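As written, the chain order gives the labels A, B and C, with residue 1 at the start of each chain.
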Amino acid sequence: MRRHERGLFALALAVILLTGCRIKGPGQIGQVSLAKAEKTEFMMDTLITITAYGPKAEEAVNAAMAEMRRIADLMDANDPKSEVSRINENAGRRPVRVSEETFELLKLARRYSELSGGAFDVTVRPLVVLWGIGKKDKYVPDSAAIERARELVDWRDLVLDEEAKTAYLRRAGMGVDLGGAAKGYAADRARDVLLRYGVRSALIDAGGNIWAVGRRPDGRPWRIGIKNPRPEHGGELLAVMPSEDLTLVTSGDYERYFIKNGVRYHHIFDPRTGRPASQAISATIIGKNSAEADILSTAVFVLGPDQGLALIRKLSSFEAVLVTPEEQIVATGNLEDELEIVREEGGTGDTGR
Amino acid sequence: MTRVDKLILLAVLGLALGSFAVAGLRRGAEVSPAQAQVVVEVDGRVVDKFPLADLKPGERRQVRGPLGYSVIIGGDNKVRMESSPCPDKVCVARGWISLPGEAIVCMPNHIVVHIVGPASEKSYDAVTQ
Amino acid sequence: MEGQTRRLLYLSLLVAGGTALHVFEGFLPALSALPGAKLGLANLASLLALALFGPVEMWWVVILRVFFGSLLGGTLLTTTFFLSLAGAVGSTLVMLTAARLGRGALSLVGVSVLGAVAHNLSQLLMAAFLVRHPGIFFYLPYLLLFALPTGYFIGVTASFVLRAFPPGVKQAQWKKHPARGVVPRAWNM
């Protein structure tokens, strides 16, 4: 051992003996994490955000976003070039051949129109146009106009030809509107794309339609908040749902609305009355299929606590949380153990039923 | 010592200093202790979470791990492990922690006490609306 | 003494010494506030086994030492045991690889420092797995820094001890270098 090495040896010994001293240091060295990719785009009248974790996260998110864009372009009733617009233009004239995707979703929407007894109606377009909520300023149509529009809403007049893959509305002036289904359907398709890219952990937020894919990168379930429809009573969130491979879709009267003469007019219509539905102020559906959950959230919102939850129980593959106009939270029984109610007291709510 | 030995010593030193730098960068914005939250985890499950300011000086909380109860005690906007049934008492030796990102780890008793800022305190990942 | 008996004797001594150091180190109060930071005294026995005999013997000494050490220390199959095992296996793998790749260019000190780093890293990984909390990686830079003096200290000590061994003991794969201490020669695994 040469002399300088002897010094080094002594130094090492000293350092070891002195490390009884406290070590204090802030900061956290990066967790062993997967590649993360996140992208936000505006489509279908709303902001879509996809967050994915995985070795090919970036490609996966881009492909999923492109798929959503493609679906949106097919089904946007406000875009004159979309397939849905072409069906509506040709109402009462002739059947229109549509893509596999549009046909599939129309079929699903028609089936649920029937199941919900018309509380959800795929041909609600005339009412949407008449009220123009979010487009026209605080406009309440007169009863005669509402009655005329309501007359044109009837899912039985949507004829779907399985062989020819055509859609046909029997009467002129009718119109299909997939606004209550397309976001969910697009989210389902985006999820499929992510899974094909090997993504096992992702969050798709399609304007409040959430697909919680897999678990969080830290291995715990995603935590999805359910918005409190009246945040002035009890805070932003109603409840939190720990979610693993679940989609959550909410319909609320707070999304697009105006208040005139003390009455809140919102964008979810009861096709049977032609007016904004009033049996609920928020309905959340939890399940494994976002297109169906999207449709069902509208149906349950319109049907209200009794009939709405009865419909969900009958279907058995979905759960529902609903807020009544009295701000009571009601949920299907299976949810009670999992849902964490976070609405602060002072609200009038309690769970159960 | 050979030349390669010295290179190795230097490389390890560089790596250590480098990771200190990374840790420093990741620390990010300062959060006032008043807003910080204490998170207590056993086997990775959050068993307790409370604002650091709520733990008054001298106030104790018990945490149950596989070996028994470890006790944390509050200070002036700081917290430390007062006692623990583990053999090595590394967690007790760690002393006070007060800043987001700091942690007390008791491996034998499977307990992690760490501090998070209000930003990471968000209790949900997304909201359905 | 016959060669085989002598080999067995020395290996037994190394296992016994390693076990004693392992237990002794467990009795020391927390040396620092770092989980997983150890002097690595028992690594002395492993290094000597490597220098005197070879990789196979080193594995024997390491595994037996962890087992007996934990048995005597009363930590068998507890968290501490798994941490020790992870550290021992991780550092042994790295030290063997280093000795093999760095033959001729690397002395026991270099091997020891790399072993200390690997020891701390494997313990940290095991700890992160056991407490399921990535926050533990906060300790990484401190552990790296800590591995420097401990690895150096153990390496130098091992070189010293090696010189004190009677010349009759086979040191086949290593040779003494007048200026550079003990360095590995041809390595045959």
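Basically, contacts are C-beta pairs under 8 Å (C-beta built on N, C-alpha and C of every residue); 3 or more make two chains touch, one makes a residue touch a chain.
Predicted, not measured: the structure shown is a model, and the values here were computed from it.
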When you take the mean of every protein CA atom shown, which chain's own CA mean is nearest to it?
B
Averaging each chain's C-alpha atoms to get its centre, pick out the one most distant from chain C.
A
For the pairs A-B and B-C, output the one whose chains share more C-beta pairs in contact.
B-C
Take the average of all CA coordinates in chain A, do the same for chain C, and state the distance between these two points in whole angstrom.
57
In whole angstrom, what separates the CA-based centres of chain A and chain B?
37
Averaging over Cα atoms per chain, report the distance between chain B and chain C in Å.
29
Residues of chain B that touch two or more other chains sit at 1, 19-20, 23, 93-95, 101-103
Note the residues in chain A that touch 2 or more other chains, in rising order.
5, 22-23, 25, 27-30
Check each residue of chain C and list the ones that touch at least two other chains.
32-34, 132, 135, 138-142, 148, 152, 181
Note which residues of chain A are touching chain B in the complex, please.
5, 22-30, 203, 205, 208-210, 212, 216, 222-227, 236-237, 240, 248-250, 252, 254-255, 284, 342
Over in the complex, which chain B residues touch chain A? Could you list them?
1, 19-20, 22-24, 26-27, 93-95, 99-103, 123-129
Chain B residues within the chain C interface of the complex:
1-5, 8-9, 12-13, 15-17, 19-20, 23, 41, 43-44, 87-95, 101-103, 105, 107-108, 110-112, 114
Okay, in this complex, where on chain C does chain B touch?
26, 29-30, 32-36, 75, 78-80, 83, 102, 105-107, 109-110, 113-114, 117, 127, 130-133, 135-136, 138-142, 144-145, 147-148, 151-152, 180-181, 183
